[in-house]
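The letters A, B and C name the chains in turn, as written, and every chain counts its residues from 1.
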Amino acid sequence: MEDLFRRYGHTLTFAFMALVAFWLLALVILPNLTLFEASFRPYLPVTEIGGPKDTYSLDNYAKFLRNPSPWNVFGIELQAPLNVKTFLSTIFYSTIATFITFALSYPLAYYLAKVVQPKSLPTMILLLFIPLWVSEALRAFAWYIILTFNGPLNAVLVGIGLLEKPIRWQQGVLTGYDAVVIGLVYSYVLFMMFPIYGSIQSLDRNQIEASEDLGAKWWQTHWRVILPHAKPGIASGSVMVFMLSAGSLLVPSVLGSTNSNWFTQTIQQWMLESQDWNTGAAYSFLYILLCTVVVALAMWLFKVKLSDIAK
Amino acid sequence: MSAGIDLENVCCDFGSFRAVDNANVSIKPGEFFSFLGPSGCGKTTILRMISGFTEPTQGAIRIGGKDVRGLRPNQRPTALIFQNLALFPLMPIWENISFGLEVRGVDKATRRKKAEELLELVELPGAADKMVSQLSGGQKQRVAIARALAVEPAVMLLDEPLSALDLKLRQHMRAELRSIQKRTGVTFIYITHDQGEALAMSDRVGVMSQGRIQQIADPRDIYNNPVNGFVAGFVGENNVFTGSVRNPATGMAGYETKLGTFRARLGELASGENVKLYVRPEHTLLSETAAAENSVPVTISEVSFEGAFIAVHGVAENGQTLVAEIRNDGSATVPANGSQMFMQFDPARAAILPDAAVAKG
Amino acid sequence: MHKTRNFLFNLYFGLFLLYLFLPLAIMGGAAFNNNKLPSVYPWKGFTMTWFQQLLADQVMWTSFRNTILVALAVVVIAVPIGAAAAILINSISGRVRAALYGLMVAPILMPGAVIGISTLLFWNKASIPPGLHLSVLGQVSYIAAFVMLLVLARLQSFDSSLEEAALDLGASHAQVVRRILLPHLYPALGAGAAIAFFQSIENFNVTLFTRGTSNTLTVYVFSKVRSGITPTINALALLLILMTLVMATVYEVRRRRLAKVEAAREAEGRRAAALEEL
């Protein structure tokens, strides 16, 4: 604090603090408190707001557990509330997408950080960035075109004899969510790649050479030296991809089918179709709460500390 | 225009740590004054207090007789040359130099002219439009000096500015700094841990340790008449003998040590007190026969060739190693390892100081 | 050994680029197909119809204008906020810093839908109706965090003795910020502005819940994709991708030129140092 005044004087320091206060209060904290508060109120016509029916309750949250429906999990027939089913599917397939992006990114991140000539690196990174600048809606749409029933993928696969007849990819082959996962991986793979690249880059090349010199095979060097060093990057990349996937609305809306509901779509229905903002708020709050729990669990499981991610 | 600086009972605390303890010094206008000491001795804190980046916890600082308490760095008539020079990398050289004038609202043509004059002064003509990255270490040094001089400071503060240069260039820049100081007449306050720099350039030196100023004197006095063991030990090498005073007489006394009784100047010590005798290696003479007094038999253990001189190490009978330096001019024969010799010193050359008499902060 | 390894790595990089660009190329290619459905297959002949239809679409133009206006507003608000936050965070330490930092970064991880909904509810309570102005505020809440991270990274390479040197030479605090700090931050501020602009353009989740009845380009694309699809959307996609490519090329050419200039300067510095030792 004193350091700030000494470096920038009073006027500027107060200007900085005012800007930050506006951001954190008006754009982050207060909206979320409003969301929290609204989630306990009933959805009422305008005339009844503030009236006797406008009391706090957990009714909006209770809706989460309504509408039990059959659910086939790996051949086992279960009964589960529709919303719970949607939520668990969202978490599960977001996790799958996270793992696939990691598998795709790690070799690339290592290649960019330790193999490539430093001189050509900026150009290569720029090349990777270009698709990132293309709108997510268009990136999902690109896969819609590829995967569509009369699309080029089916044409090629049938043409080379791999398929006998075209497949409805969006209905799913392995699971109902195939197309969604493909879209998520394509949209978010670079959010995994760049953090891992950053953390591998900070590894002293001598450590890799020392490991090789001591007789380690290439996979031993990766497993014992490079991966542990890259852990913070992998962790922040994973949290990023997971949260982006779970929070995506475009990809499941464009690439999904009726078999593949995403939890964000459920929230959207409450908000925009039912116009029930209070239930929407309750679901939103529940959603960030549960996602936070999932992320915290995963971090505990992989022994990652919060300070590893937030440098 | 140059100004004197007075520090009066200045203390500076960082939490419970006292970085500077009761500093008193009066620096004259136009003087080249160095603070010399090991890292962490408080010399940089003194500099930051004079320039205004740190406020003293107690005491007064006066620049040109005026108390500068509460004045911010940009309101003080001082210019600081940073250890890393802190040249602005995004401005061309001439803008760097004239930055102090720019922020005072001086017009561009005047600034440019002044920058070019200063570049002449520091012998870098034609560098005005270059960028900082185009210069060598020594050239950057000159730009930093020119930038500080541009604001016509009454006092220049230099925080170990030569430490990043290699040996030869450093020695060249010493002479350069000294001559710029003489030409401009500005008061220079120089911070360094390098005794060679401090002794070679300064009018006076303040030796610091543990937050306290141990001694303020001209370079010769610091070297020849250190006031305590710290100053004697920090500035230059010594052969040290511990002992007690015997038979004080007019001006001279005997000192009984484990290596025999020596004769040296009396100093201000009472009889019997524990004292240390400090003898410089270059004042320690080597001979094959014992001298009449102050002579110690040694076995030569190491002869190291240092270029201008040769350092001869000898082990005395109690195991203590003594060092004598002989000039590399062929005037003395260089002894072989293992040979028996005598090391001897002139009674007037030994500095006598109370044992463990370092002023503590 | 290393040759095979490098070959495999280069091959992987090539395949990865193909994976990234091929879908975009297929989507762009479909814009020229004389087929009522957006697809490259079956190919029914070359046409420019879809571009003509696109350019005649008034809704598209309104959405396009709205997108640009929103993005500019986001840049204007998010860049100063992000820069101020980075400067603030950079000069404090300890627990306050950790807490503030966490609070600032949290909106990046927050699902966009939730940001949109909370923004809508909060301003609705203050009797401010939904519309693009709310989209701007909602987007700023997380885009400012991106700017903050970029500026903070740049600040960490900033030598704070430069500020002290300027103060010591008599500069006021405002002059220090204008002449020393901001010039150092320009690259990060520029990158921050670019990222803010692109993030805003492509934002869908926040905008969907806060826009009221206005359209932005992403929302327009989304509604086109979901309802009656025609290849006009491919034409739009191709134009946007080409714009991106042009900007990327300009950026790369500029970067290479600057790198060349800097390398030449450093070489001169090294030569000067070598001469000095003689």
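Here are some notes:
Criterion: a contact is a pair of C-beta atoms (placed from the backbone, for glycine too) under 8 Å apart; a residue touches a chain by one contact, two chains touch by 3 or more.
Everything quoted here is computed from the prediction, not taken from an experiment.
Chain centres computed from CA atoms place B at the largest separation from chain A. The pair of chains sharing the greatest count of C-beta contacts is A-C.
Each chain gets one centre point, the mean of its Cα atoms, and the points for chain B and chain C are 55 Å apart. Distance between chain centres (mean CA atoms), chain A to chain C: 18 Å. Centroid to centroid, with C-alpha atoms defining each point, chain A and chain B lie 61 Å apart. Residues of chain B found to touch two or more other chains are 53.
Of all residues in chain C, those touching 2 or more other chains are 172, listed in ascending order.
Across the complex, chain C is touched by residues 51-53, 72-74, 78-80, 82, 84, 86, 88, 90-91, 99-100, 102-104, 130-131, 133-139, 147-148, 150-151, 166, 168-169 of chain B.
Those residues of chain C lying in contact with chain A across their complex are 5-6, 9, 12-13, 16-17, 19-21, 23-24, 26-27, 30, 37-42, 80-81, 84-85, 87-88, 91-92, 98, 100-115, 117-125, 137-138, 140-141, 144, 160, 163, 172-174, 176-177, 198, 201-202, 204-205, 208-209, 217-218, 221-222, 225-226, 233-234, 237, 240-241, 244-245, 247-248, 251-252, 255. Looking at the complex, you find that chain A touches chain C at residues 1, 3-4, 7-9, 11-12, 15-17, 19-20, 22-24, 26-32, 34-35, 38, 104, 107-108, 111, 115, 122-124, 126-131, 133-146, 148, 150-152, 155, 186, 239-240, 243, 246-250, 253-254, 264, 267-268, 271-272, 277, 280-281, 284-285, 287-288, 291, 310.
Interface residues of chain C facing chain B in the complex, by the touch rule stated above, are 159, 161-162, 164-172, 175, 179-180, 183-184, 262, 265-266, 268-269, 272-273, 275-277.
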